[in-house]
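As written, the chain order gives the labels A, B, C, D and E, with residue 1 at the start of each chain.
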Amino acid sequence: MQTTLYAVMFYVAAAIFAGGLGLRVWQYARTPVPLKIPTTPAPITRAGATFRVLREVTVFESLFKSNKWIWLFGWIFHIALALVLVRHLRYFTQPVWTPVALAQPLGIYAGFAMVGALFVLWVRRVAISRMRYISDAFDHLILLLLLAIGATGLGMTFIAPTDIVALKGFFLGLMAFNWQPLPADPLLLSHLALVALLMVVFPFTKLLHAPGVFFSPSRNQADDARERRYAPRPLAKA
Amino acid sequence: MAKIAYQKLTDHSSFFWGLLGFHVLVIAAGLGAALYMEHHGHVVTGMSNQIVWGAPHVFAVFLIVAASGALNVASFSSVFNKLAYKPYARLSGVLAIALLMGGLAILVLDLGRPDRLIVAMTTYNFRSIFAWNIYLYVGFIAVVGLYLYVMMDRRVSRSETPTRIVGGFAFFWRFALTTGTGSIFGFLIARDAYSSAIMAVLFIAASFLYGLAFTVLVLLTMSRETRHELISEDMLGKFRGLFILFALAVLYITAVFHLTKLYAPDYREVETFLLRDGGIYTLAFWGGQIGIGLLLPLAILVLRGSGRHAWHAVAIAAPLFLIGGVAQMYFTIIGGQAYPLRLFPGMQVSSSFHDGAIAQYWPSLPEVLLGVSGVSLAMLLTGVALKLLPFLPRQASV
Amino acid sequence: MTEDKSVDEGRRGFLISSVAVATTFLAPGVTLYALGGDAAAAETAPASAKVRWGLLIDAAKCGDGCSACIDACSRAHGWQSTGHPETDPQWVRKITATDPKTGAGFSAPVMCQHCANAPCVDVCPTGASFKRADGIVLVDRHICIGCRYCMMACPYKARSFVHEPVADQKPDAPRGKGTVESCTLCASRIDAGGVPHCVEACKTKGHGAIVFGDLNDPSSDIAKRIATYRSTRIRADLGCDAAVYYTNI
Amino acid sequence: MERIETQDRDESPLYPDPLEIPALAYGAMAKSKPYPASAAHQAALGFPGELVDNWQEKAVAKLGELVANNRALRFYLDGCVRCGACTDKCHYFLGTGDPNNMPVARQNLMRKVYRRYFTLSGRIAPSLVGAEDLTREVLDEWYTYFHQCSQCRRCSVYCPFGIDTAEISMAAREIMDHIGMGQKYCNEIIGKVFKIGNNLGLPPKALKATLAGLEEEIEEETGVPVRLPLDEEGADILLVTPSADFFASPHMEGLIGYAKVLHESGVSWTFSSHASEAANFGMFIGSRENMQKVAQRIADAARDLKVKRIVFGECGHAWRVGYNFLDTLAGPFDFLDRRYPVPQHICEFTYDLIQQGKLRLDKSKNDHIRLTFHDSCNVARASRMGDMPGGQFEIPRAILRACCNHYYDMDPDTIREATLCCGGGGGLLTDELMDLRTKGASPRMKALREVADEHGVTHMAAICAICKAQFSKVLPKFGFDMEAIVSVHQMVSNAIVLTGSKQDEEANEADEQAGPVPAVAAQAETAEPAQAANAQEEA
Amino acid sequence: SQITLAVGEESKLVPHPPKGRGEHCVAATDIMRRNHMKLMKHQRDETVREGVRGKAFSLTGCVDCHAVKGSDGQPVSYADSRHFCRSCHDYAAVSIDCFQCHASRPGSEKPHAAQGIGSTALAAVAAYFQGGSQ
């Protein structure tokens, strides 16, 4: 029963996630940038600008300049999230890619780091009046959603393990359109339901910052207005 | 009182990049060595069931001892209110953390099962001084981190009080830490070379010297990098005075240590071995620690330490003290193990397990690389930290 | 510690995963049995604090050139020379001692002395070195990190560090690279009611130089002998309160 | 808020902290609004004269159009994660404590409308994602708070995604203009540029007279006939400068400085009466059309006067438009000499001369001044000078150091790309916003107070007409002298020893030994010919 | 219901660990699949620290019952990918260090564990359980 339910749920969630995200990325890519607006001092070459974006994505450079505490916990959260997701790749690939296999033990600590950092970020949002002022309900909800995903995940790792082999079979089955049974452990079922929810909301919320950061003109433009004439394609008159 | 301005490192000289690159290479080599040791087992090192702690421990203990000493400059300003040292307080905190991390990294990578680091961090035996040390180390990093924070946060640093309180606490902690490190050896009742309470005192005195030497070396290097003198002539004189003071203290305590041991009949044998018949260990002591490490730099500082040569004298003395420090650790850690345990005092013993024999030890390349890479790690961390945050003082007017 | 609950949790996990009412009903029975309900009761009993196992070694009986105890230990536990004398582990070795003044001497096996105040246990940062209720000092090699501090601390040089990868271990004597090991007083044999290999081998050889028994039990052979003959312990001055006694040294 | 009363500093042993985060003062600035533009002002720019009937519909439509045509706006509205990194970065927030002056809160005013009409989540569950209809209250909030943003981009520096609130407030003003809710100050001024050629409405005749007066003044002072030519065809350089330079102190002193430097360089140059204004308020109101029209005047003047180079005077946002947008809006500039960057900043010009050792500067002439430098936002964070990133920080400082002996930087967290706005930028330099301007200036004033107390700094140099005008007004409110603000080229003007001038002769007589030397070791020419050829078209 | 894997369908998507000796494992298959690591760890501590021996979840016991014969008829070691433990661990990217120390093949001595499992009553219960869950 839960196999069918979850199989359908994941097909739908994946479709919304991929479709929605693809649409947004296509929109970002297609929208013109009428003027040169890099925030200076900026790199003066394209390669330099690319490197700048990479630094923003990997080490959150601007955030580091801005606020050491947000940087610390925000960065821990994202790196941990990345590690956890890498660890999760084992459920979707067969045979498992060697680096993914090597990263397995790291993923467990990362799980703790992720949940801990999320918690601090949330406390910050609640405790500081400036943060309260700028937060709307969803800012809290998304943190709680991620916290809940992390908590159910850690629960499976440390309290009530699930049948990983069967679970992996389920997902490989989904991808091969040859359904395999899904174990009926409450923690697993909650974890998966929450993940599906995350996938559904992703393309419609602030989580768009993940693909969007690559499109931010103030960061990805090179500061070369005098060296090469900037002439974007003409505006689409509405 | 004028506010002290600080700077981060910006536009780097190729010298700086070269230095960073060099340290990265050494660290890579050290990691490679650790992997090699992990893969083949410790059989590829010079360590054995007789000499169980080798070159990595020499460097690790040296760095850990130096780490607590590096905090001194900060303590002078916050605890003893010596304002002249205040501009260097941040640097000294950063350096203390970096040196400690360098030392700990070596210790961890030398473990038989480095993969069980998490075990080491989650399972404690509270009777073990070693486990206490883990707390002391982690605590030290936390306390010094907090200390840096109260010094650097715009709002907190406006009042002197937090700096005072946390600085005092950090000062207390550093004593506990060096005492703890010294006690690792002091508590080994079975090893004649160690068992003595003066061990901890000796470590404290030594830490002052090595910590200051590291601080001064970094300041001199960074003066070059920032293209202006970070040490005023006045300060140079102060540092020189401290060097002389600390070096004399180390000399004195070392003398007391060995004299009391020589005085006790039980230990006379091991002392005779170490100080007279120990070959490489005797050489490390007299030539390394006492000669190159204390007397030579003392002579340089006393004879040529003032006037025109002051700068050079300090720049030469600091590394000599550090070389002496490594020699001291080699002599203490390895010399102390080389002398056999006495299971049957007064008897001549032999066995297939090397009972009664002076142990042979020759460090292998991997373990030396691992040890040296700890020093490089400490320097790299310092360099990167100086680049990221304003730890270095800056002359007010440009 | 959370592990203590893991059997219960196993049961709970099982309960959770069972949908059929019938299985839920039966499950406790299944697990109870499965957990070894009717396995030999003696074997599952934990080590008792009432006993303190010890050895009494008579140097006078220990034969010249004999190494039967050492060989037996090595054979049973799988430690042997790999051709690197400096790093090869030796759980037990035979020490020959001569008084330089008189020329008189003795030789006897020395292994872990299973100290009551064991320095190795005191210093071990993780608690991998521990003393069982019955006085046997062991290394829990599952949490030993290989720091070798215990080796620095042991006054008897009783411990060895495994410097090389090990293959083909005995099923009953797991050992592996990167951890510290030493004489276990053949704990698994003692738990099964037997005597240590070395004791057995010496007896088989006809020397009978090693006596094994419960030091706490005044009626035991070993306790009686210690009470009767003058015996000593190595480096008794250090106050480790070893469980291995020697006579005629 | 009483926070800005920082004059009685003596009692407090602590230094004022320019970056001190205030407690939230809800609605503290809700009443601050600029005067609305009159119908005439609106009409001149092609905007409806008063709030149109279907304003809501039109505003939403305009927002949609802007979002569809500006990737920056689209992503900035989508991408903010409410991390809060920017909350304490805006000088208006630091000075007022009004939470709506936190950059993210300012953006949220528009974001909530965007969410409501253009995103799925906002349509389905508005309360969850803070989406709101565009009501009259919301519109009034827009008018209030989008006129409390000086578009200084300080928030953009610190945002992990580079979200630039300036882009959002520009878009908001554009939308409001389109529904007839313009702001008087900006729109009136743009109208003047269209009609007369400059912001001040200085007609060519008056301009001519002013320049002649200045020529006299300089000759009197130095004995050298330095020229200030207007509309001279065939000159090498067209100098465009903010019209304030023709008018008020300390701008005018800067203008004299340019003239002396240009004279000394020996290059021929001219002003244009058609483009007698460097400033481009079209940017402030986010109107591309108006910005384009104003920029076009410069291109036309350059073409008409057959000059080879365009040089901009000291003006922050003018330099941003010149540096980043001019070529896009009014280019290409193939008719200019492409060995020189188009356009060039007067500081770059002066700096090159100093590098080449072509200027004689007597630093001691400025010995009565202990100086600091205020990095103007638009120069610091939206443009560049020289050929290295950050040249906009180094070049003015190098010029100042070459001109005076006592130079001190302010708190490092308040200069260079972290610089604090003067409080009057972005079209807010109008009297009815004096309260806002004062509060917005307070962080900068505290930073100035610090160096004044510590190093006895007496003067602050700036390279922006708005900064200079704003500071002359607010300095006295913080216990400083009104004259404490100086132009960078004013310092040059003080120090420069013109060949053949009275000063020159005095110096020659005095001695040769302590002759003023170029401060910086001479380097090869920095103004490398720009690669004119590869002006690039994007598909 | 679908509590256990449908072992019957020889799907290539999931591994099929070789069947162990005897009828069933030391606990229900479902429990073993989920919890064997915790059960073993618990027993490990009991055995090593307290001297409790002969209980069911002994590693030696697993190795004995789950020995997989190689082509030469001898049990394969953990180095061989056919080893019972590896049949799942490779699939789930789990790496264990147990066999760095422990023998991964049964020894000659008779194992302690699993002696109590002979009971026919238990076998019946287990059979019912397994039958009911397919």
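Assume contacts are C-beta pairs under 8 Å (C-beta built on N, C-alpha and C of every residue); 3 or more make two chains touch, one makes a residue touch a chain.
Remember, predicted model here, so these are calculated numbers, not experimental data.
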By count of C-beta pairs in contact, the leading pair of chains: A-D
Most distant chain from chain C by Cα centroid: D
Closest chain to the centre of mass proxy, which here is the mean CA position: A
Between chain E and chain D, distance of the C-alpha-averaged centres to the nearest whole Å: 75
Chain B-chain D separation of Cα centroids, rounded to whole Å: 53
Distance from chain E to chain C - Cα centre to Cα centre, in angstrom: 28
Chain D: positions in contact with at least two other chains: none
Sites on chain E at which at least two other chains make contact: 1, 3, 30, 34-35, 38, 97
Partner chain D, residues of chain A touching it in the complex: 24, 27-28, 31-37, 39-44, 56, 60, 62-63, 65-67, 70, 74, 124-125, 128-131, 133-139, 141, 201, 204-206, 208-209, 212-213, 215-219, 223, 225-233, 235-236, 238
Residues of chain A that touch chain E when the two form their complex: 1-3, 90, 94-96, 100-101, 104, 160-166, 168-169, 172-173, 176, 178, 180-185
Chain A-touching residues of chain D, taken from the complex the two chains share: 21, 23-24, 61, 64-65, 67-72, 74-76, 78-89, 99, 102, 104-105, 108, 119-121, 127-130, 153, 156-164, 167, 288, 323-325, 327-328, 331-332, 341-343, 380-384, 387-390, 392-393, 417, 530-531, 534-539
List of chain C residues in touch with chain B within their complex: 84-90, 93-100, 105, 110, 119, 121-127, 129, 143-149, 151-157, 159-165, 177-180, 234-235, 238, 249
Complex contact set, residues of chain E against chain C: 1, 3, 25-28, 30-31, 34-35, 38-39, 41-42, 44-46, 48-56, 60, 63, 97, 100-103, 106-107, 109, 112-113, 115-117, 119, 121-122, 125-126, 128-129, 132-133
